[in-house]
Structure formats: C-alpha cells, structure tokens
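What follows is a pair of complexes built around chain A, which joins chain B in one and chain C in the other.
Entry: the complex of A and B
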C-alpha cells in the first residue's frame, strides 16, 4: 500500500446557517480544500462524501453527485459513506484506502450536514435513528438518554463526577474561543455547565453537543505526488475501524467503548505508533461523557482516570495530551457527517503549525476519533508530520 | 493491487416480504454468502452495506453495524455506502478496493432494501429523492416522469418504438421465469406491456420496475487465498465509476448516459477487455428505456440500435449478448440498495455454470451495470471465469 498525504483542507463556519443549503456548504468546503491543495478540478479522481441523514433532514438522498455537480466536478465520480456520527471519518478511511491501493491518485473527501432545516425535536429524533430503532428508540430511548445511561454507569463504577464531566465542556469551550470557525467561540464557566437544566440526568444542556450546519473537506494524494503540490503535506499514517453491538443494552460494559478500542489498536498498529506518542487528539465528544470514555479507551489514561485526568488539566492545550484543541463537537460544533473531516482538518492545521492560538507546541503526531450512533461503529486516524 | 475473487454469494427471495424486516433480510443474505464461501465469521475483516434510504423507509440510519450485529458479526467493522440505485454496486467497488489494496482480506459486501413498510406513493417519493430535490422533484418531477422524458427523447431522436421498449420487459420476464428468487417469475405477453395503463407517457406500468424488499451479499478475498475456500472462485476483473450532472435538464444529451460510458470505459481498461468480449451483462433496467440506453452506452450496440437490437432478439438468452439473464430489476425485482449485489450474484452464478435454465453457454466474461438516481452516478464491474 502507498503512503498517503493530506495536501489540502477546507471547512465552512459551523453554526446555525439558515441562509445556506447543504449543497452550498459542501461546495464551499470542497472548493476551499481544492484551492488549498493547489490541484485543479480535472485532476480529481474521486469524491467521497460523509453524510448522516440528508434524506430525512433535507429530503435528498444521493448527495455525493449533487455536491460534485454543483461544485463543477460533474466529471468526478462520487459516493456517499454513512455510519451515523462516524460518517465523515468512515468516508476519510475509504478515501485513504482508495489512494493507498493505487486505484485513485487525487481524492477529495468531504463531509456535510444541514440540521437546522427541521425543528430541533425532529433533528434529535433523526440523530436517534442511528441507535437501534426496533429495540431502543421505538420504546422512547433517545440519544441523550442512552448516553446518560453510560454516564450514570461510569459515575457509579469509576467515581466520575458531574464536575469532571463539566470540565470537558469548560476545556473545549476554552479551545473553541481560539477557533474562528467554531459555533460557540467563547469560554463557559464551570458553574454554568454544572447548573444547566437537565436534558437527561446526569447530562445537562451543556454536556451535550449542539445541532449544527457545516461542511469540511480534505484532499488526499499518494506520497510520490506530494512534491507537485503545496509544500507542507501531512501524512495520514494509520486507519482503524471498530465495531460493537448496535443496542446499548447488548454490550458487556457500557462504561467503555469496544469499537473505540478496536479502531485505535488497528490504527496504532498500522502507523507503528503508540498512544504515548500522540501530542494531541480530536476525540468524539458529542457528550462530555463521550470524551471521558474516549481518552480512556484510546489508551491515553487508565479506565476510570478519564474524569480525574480532565480535572487535573492533563487534557488541556499543551498539557500531557492536548484533547479537542479545535473545541470539539461540544463547542466547535457538530455538523454530524462533517465531524470526522473537521477533526482531520484540526489535525492537519496542528501538524502544519497553522493552528494559531490553539497551536500544540512541537506537534508531531495526532489522532482523530469518530464514533457512530451510541458507539456501534468507530474509526480512528493517525496523522504525522511529513518527513522526507 | 491484488487480484480479487468472489468466493461466496447469497440472496433472499425478492418480493413484497411483509413478514421480514430489513435486518432479517440482511442477515439471511449475509449468512448464506458466508456459508457458501465456507468462511467463518471470525475471518471476516470488513462489511460494506449498500442501502439507498433505510432512514426514510424504516426510520433507521446506521444500518451497517445493525446488520453486522444481528448476524453475529459484532466484531466486524462495517460501513454503509449510498449512491441511490447504485448503492449496491458502489459498495461492491469499495469492497473490491479494500481487498485489492491489502487493507482487508475477507470482505463481505451486502445490499438490502425494505421498501414495502411505507405506502407505494411514499416509496416512489423516496426514490425520487435521489433526483435533484431543489431543481427537479420540488417542482413535481417524479422519477417516472424524468425517465419518461429520456424515453420520449430517445424515440424522437433514434426512432425507438413503444414495442421495442416493451420487448425489454417481455425478454426480462422470460428470463425471470427461470429464476426462483425473482419477484415476478412469469412470462408476460408483449400486448399486455404495450397496452398497460400509462404511468408517465410513454412509459406504461410494465415499463417500470417494481418496488421490492430483498437483500443480497457476496464474499470477496484476494487471489492468493482462493485455494483455502470453495473450488470455483470468480474473478472480479475490473471496476469503473462514472458521473454526470445531477439534474436531467443540465445534461447535454438525455438519450445517453455519460456516467455509464465513463464507468464502462474505466472498467474495460482495468480488466483489459472490450465490450465484444462480454458473454452476458446485467444492466440497470429500472425502466425499459434504461436497458435500451445501457446496451448502447456500454458499447454493445451503436447509439440508436438498442431498440432494434432488442427487437431482433440480440439480447435474449444465448443470443449475441445475453442481457439481464436474471430477469433484471424489471422482473427479478428492485430492492434498490441490493440491486448491484443481485447483479453480481447473477454474474457469479453464470460463471460458476450454476445458472440452471438461465445458463449462458460457455460464459467466460460478464458485466454488471448499476446506476444511481436518473444517472448522476454509475458503476460497472467486470467478472471473469477463474483461471489458474
């Protein structure tokens, strides 16, 4: 398999973008990435698009050729990849495999979601349709309540506190305050998070990531071609997929995510790296509890130490490991199908040393972690500074 | 890239399967394919699932891990691939790339759709959501009417007749009569097709493929592993993707499908074969006009000769080229996300010489052709008898 580089990135502002449609957002991000890479449209061999539910959110299936077409890339074949919240990351994995295999050379991988064209309740219901419809949601379990169960279990089993959960939000908002594309680029006092109205106990309003519109794209090429494009490629060093039972009640331990562990193990193996090597990580913090579990399951902290580690500040910018320097789903925002690509963009900016106030000093290795549904699918990517 | 073989196939009956859910269908097809290949669940590295719109049809996104889980493959990572009607074929292409690259060894590629849990009108509307929502369907254009425009143009430009369109249905029903898994395994008199009530002029009821439930799966492995499994592998010799403008009104010529031509060209190149080499082809006949255009655009007949060729009987079983020996979407049925995999299964059965009464004599090479929406995406696969 060939080595693969990211040579271009582009993302839109994330937020409630009432005046922009899915196709507009997709086009904007895609063209930014292509321009950033310095490739021309004719050179693009394939487009992968991560999207969770355009069918239900905007009544449009078959969104990949739609975005390609309106971006002027109607000669570029395209396909949509869906895996709930992991759609973007899964699309990136397919793009990686395609370039690594030699099937394609220049591949654009985008992700996009337009969530504000429906009522909030409806959007929440659509999110919940990535859980098990027949055995969970039909009985009234929502996404929020399923994650709340995990949080409650984690608190019982490992002593994690509501303050520790809140600290995830506080940290991620502090990072988002330094990110011009973030939906909520402002700090949030811990008291406000802890005392927020309950969504599903123990998760309050500020333990939950928002509903967002947004799109993001990256351009990939094989190692042997990087010299033809811009001077600061980033290596996509490893990819790993993971899986678990669909319904939360079927899992052996709901205080950990098997899919995350599997995906991380494979990605570290392929990259020949270890958790200790990572300087930063973008982890899937759709809820504050998700980040706590992720930093444990990815191997950065022992099981049960995710909460205390967060409280100690070990995941703050330029601490032991800088986690969600972008602001994460929590504060950068969560345009679901784009999330995995937004994460990759943060990784590339960090490794290009282009992250401004959010820059992780001497960043050499970083990881992105994207999960689908309540954790039935996961994908991990490892990024590395380019070396000749 | 490594050579790739199909070593297992499995499909469900296609039809209005009121008593079976999407997950049941998916599991059934997947387990049949795994058993057919003689692999065990632990050996499977990855599952790709083609599905058009489970979100809207059964209120369930994230279907890939759902099917994996309930098939007892919860340790197998999975991802859904969507490209409208080409979802199955696009999933197969991703599976192929994954094995060819060396990323995975044993890959299961499935496709499934459950279309009869909603009213017919609603299913038709969902199918139409693979056309351009903002510029076509919102103004009342349906899938039927968009294909009817193509048919009308083809008739005007090339003299194609309603009888020639009808002959596609007659032929495909004759083939389906020999296929035990077909939704309509019976012959249909030409008069009945020609005189059927109009759906969208010039397309009558029997010019349109039905709404169907069904699932299908294949198992892939690299060439070097075929000896470990059953004795009659089939080579997946080439894959090609194609694309076009999303909206029909943006295309230069609506009497031909650019996406099909692109996809075929690439697939033939990769397989180092030509249209003349093909003994049979499963083409995407969601409407009778689609088959006429496909056999021209794939290079089997000159543009405009698709209708006459069909009338001459050149596409019948064991004629010049045997087209849709399975019965096609028209008569075998059209469980949308499964279609591309159903086609691959017919190809494998033909090359294994396992197609019974439908057997193409001395079949050595065959092609499958799967299109998404009204032709904005397409994918072509070429299959070849295995030779040591």
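Entry: the complex of A and C
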C-alpha cells in the first residue's frame, strides 16, 4: 500500500441555496479543489461522488457522470457512493483505496446533496428512509424519533442531561460563528436550545442538524508525488469502516454505536495512533446526542462521560480535544452526502494551519467520523500534518 | 408503502410471527433467513415462532414532527420494546398519556389500523403497543 496525501480541497457555501442546482454545486466544489491542488483535468484518473439521495431529492440518479460531464471531465471515469449520511466519508475511503493500492494516481472525491428542492416534510421522510422502512418507519418512527430513543436510553443508562445535549449545540454554533462557509454562523444561547419546540422528546428543534444544500471535494495523490503539485499536502494516515444492525432495536446497547467503535479501532490501528494522539475531531453530530455518543465511542472519553465532558468544556476549541471546530452538521450544516467530505476539508484546513479564527493550536493529528443512517454504517479517517 | 410490499408481511404484522434458530434457539422478529450468531449453519433451520406479544419498554419518545401519513396522530408515542422472547421491536404506544410512560413498563400488542393507501384504497393493519393494566 502507498501512503496517500490530500493535495487539494474545495467546498461551497452550505445553506438553502435555491439558485443553485446539484450539478452546479458539485462542479464548483470540484473545480476549487482541482485548482487548489494545481492538477489539470487530464491528469485526473478517477472521480468518486458521495451522494445519499439525489434520486428522491431531485429525481436524478446517475449523478457522478453528470457532475463529471459538466465539470469538463467527461473523459474521467466516475462512480457514486451511497451509504446514507456516510456517503461522503465512504466515497473518500474508496478514493483512498484507489490511490493506496496503486491503481490510480490522481483521484478527485466529491460529496454533494441538494435537499431544498423538496418540502421540509419530504426531505425528512427521505432522511428517514435510511432507517429500516419495513420494521421501523412503517410504524411511525421518524429519523428524529430513532435518535430521540437513543438519547432517552443514554440519559437513563448514563445520567446524561438535556442541558448537556444542549451544550453540544452551543459549542458547535460558537465554532460555526468563525466559519465563513457555515449555514448558521452565529452563536446560540443555551436557554434557546433547551426551550426550543420539541421535535421528538427529549430532542428539540436545536438538537437537530438542519437540511442543507452544499458540495465539497478533495484531490488525492500518492505521497511520493506531492512535490509535483502545487497543493499544500496533508497525509491521510488511516481509514476504518464499521457496521452494525440496520434497526436501532436490534442493537444490544442503544446508547452506543458499535459501527463507530469498529471504524475507529481499525483506523487507529492502521495509522498506528491512539485516541489521545488526536488534537481535534470532526464527528457526526446530526443530533446533539450523536456527538455525545461519538466522543465516547471514538475513545476520547469513557462511556457515560460524553455529557459531563461536554459540560466541562473539554471538547471546546483548544481544550482537551477540539470537537467539531467547523461547527459540525449542527451549525456548519448538513448536505447529507457531502458531510464526510466537508469534515475532511476542515481536517485539512486545520493541519495546513488555514483555519483562521478556529485554528487548533499546534494541530498535528485529527480525525473525521461519518455515520450512515442511525449507525448501521460508519467510517473514520485519520489525518496527519505533512512532514518532509 | 405499496400494497405488495405490505401484503408480503401480513403474517408478521397481524400475528407477530417471528423465527427461532434451529441451532442456538435464539428468536428473531421480523424473521431472518439466517441467525446472525450461527450464520450459514442456521440456513434452512429457522423455524416459525409466534411471539407472545408481551414485553417491557426499554426506551421511548413522543413525536411532534411526524412523517406525512402520521400527521393526524400527532403527537404520538414511539417505543422500543423488549419482548418476553428477548427480541426487540419498534412500535407506536397508544392508550396512555406521555407523562405516564416509563422505562420498564409492561406492554402488550394489539391489532390496530396503521394507515391507508388512499382515502378509497386498502387499509393497512398491524400491531401497536398498549399498556398492561394488572
């Protein structure tokens, strides 16, 4: 296996971008990444696109060649990768494998989602389709309600409080306020989160990530080739996949995600690193409870200490471990299939020391964690500052 | 959900028919072709088994933003129940106020109307949970 570097990044604004189509967003992010890397279109060997549900959201399947075509890359083979909310991260893992294996040299990995061409209700129904349609949703379970039941279980089992959940949102909004690409770049008082209208108890409106449009892309190449390109490199040091039962009810511990643990263990093992080596982490905070579970299951805090750790400020910018410095899905936004790539972009910016006001001091190692559905799939990537 | 997709699972939805693994005795609902513990050794050894319908709530929520077809029910309660057979099932809990729901409470299944294909279309029935009062 060859070492792999990220040499280019690009992302669009995240938000309700009514004037832009999926293909425009995808192209914009891709071209930014290619320009940042300093590669030319005819050097690109392969394109992977993470996308969860273009078929339902914009009635368009087969989106990878569509984006490639309009980016002027009709000579570049392309494929779409789908794994619910982990589509972007899974696409990145495919890109990593392509380059590490020696099959391809220059690989572009994009993620794109267009969620606001349908009504909110429809978009939520489509998100719910990543749960088991026949044995969860048909009985009335929404995507929100499945995470709400994880939250209730976590509260009962480990004593996590609604205020601790709210603190995740408060912290991530504070980080997003320093991110020009964020959908909600503003602080949010805790009282507002705690007192927000209920979506599915105990989760209120501000415990949930928004519906967003957006796209992001990275360019990968073998580490031995980085000197041939302009882009400031960051090493992609390890990748791990994880899995679990599809339905939440089939999992023994509803307050933990086995897929996260499995993915993290594999990624740490391959990168020859440990959770305590990480300076920052972008974790999948589609709900506030998701971040609490993630920081435990990734090994940063003991099981049950995720809530108290958040309350202590241990996950704030430049604390014990800086978590979701970008603002996360919660406040940077959640173009679902792009999430994993948006996370990778934050990791690269941090390790290039390009993160502006949200820079983690002396960042050397960082991790990204991307979840599919209610946790039946997960992928973890570990990034490392480039050293000559 | 389309009619054939619903019709295929009528036995499970109406009667709670699951399966028991012929190798290890574990029970599954809905039915699985193979036992996740015994895998290929259990293939073609999974036998039908009707659940008692009784269990305990292990987690719950009240849904305020439902899927479109559940809107008339709003707000409604969802639960994950651990059945007597040590298998867990997701469902809608009815006949109880949200304030009175608690983890560990005993529940039973009842056949109820789940929804309909359209105002003139077929009606879908299936299980819902109700509290056990004894």
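Simple rule for what comes next: the second predicted complex is superposed on the first by the 387 of 388 C-alpha atoms of A that agree within 3 Å, B and C clash if a C-alpha of one lies under 4 Å from a C-alpha of the other, contacts with A are read in each partner's own complex, and residues count from 1 in each chain.
Note that in this section contacts are C-beta pairs under 8 Å (C-beta built on N, C-alpha and C of every residue); 3 or more make two chains touch, one makes a residue touch a chain.
Everything numeric in this text was worked out from a predicted model, so none of it was measured.
Shared-chain residue A:148: touches chain C; no touch with chain B. Contacts of A:140 after superposition: chain C is touched, whereas chain B is not reached.
Judged by the touch definition given at the top, the superposed model places A:60 against chain B, while chain C stays out of reach. In the superposed model, A:250 lies in contact with both chain B and chain C. In the superposed pair of complexes, A:173 makes contact with neither chain B nor chain C. Taking chain A as the reference chain, the count of touched residues is higher for B when chain B and chain C are set side by side. In the superposed model, A:52 makes contact with chain B only, not with chain C.
Look at A:198: by the touch rule set out above, it reaches chain C but stays clear of chain B. Comparing the two interfaces of chain A, the one with chain B and the one with chain C have residues 133-134, 137, 245, 247, 250 in common. Chain contact summary for the complex, chain B toward chain A: residues 1, 21, 23, 46, 52-53, 55-56, 58-62, 64-66, 68-70, 74-84, 90, 93-94, 97-98, 100-103, 126, 129-134, 137, 241-247, 250, 259, 262-263, 372-373, 376-377, 379. Looking at the complex, you find that chain C touches chain A at residues 1, 5, 9, 30, 36, 58-68, 70, 73, 75-76, 78-80, 88-92, 98, 103, 114, 126-128.
If you check the complex, the residues on chain A that touch chain C are 121-122, 124-125, 128, 133-142, 144-145, 148-150, 152-153, 156, 197-203, 245, 247-250, 254.
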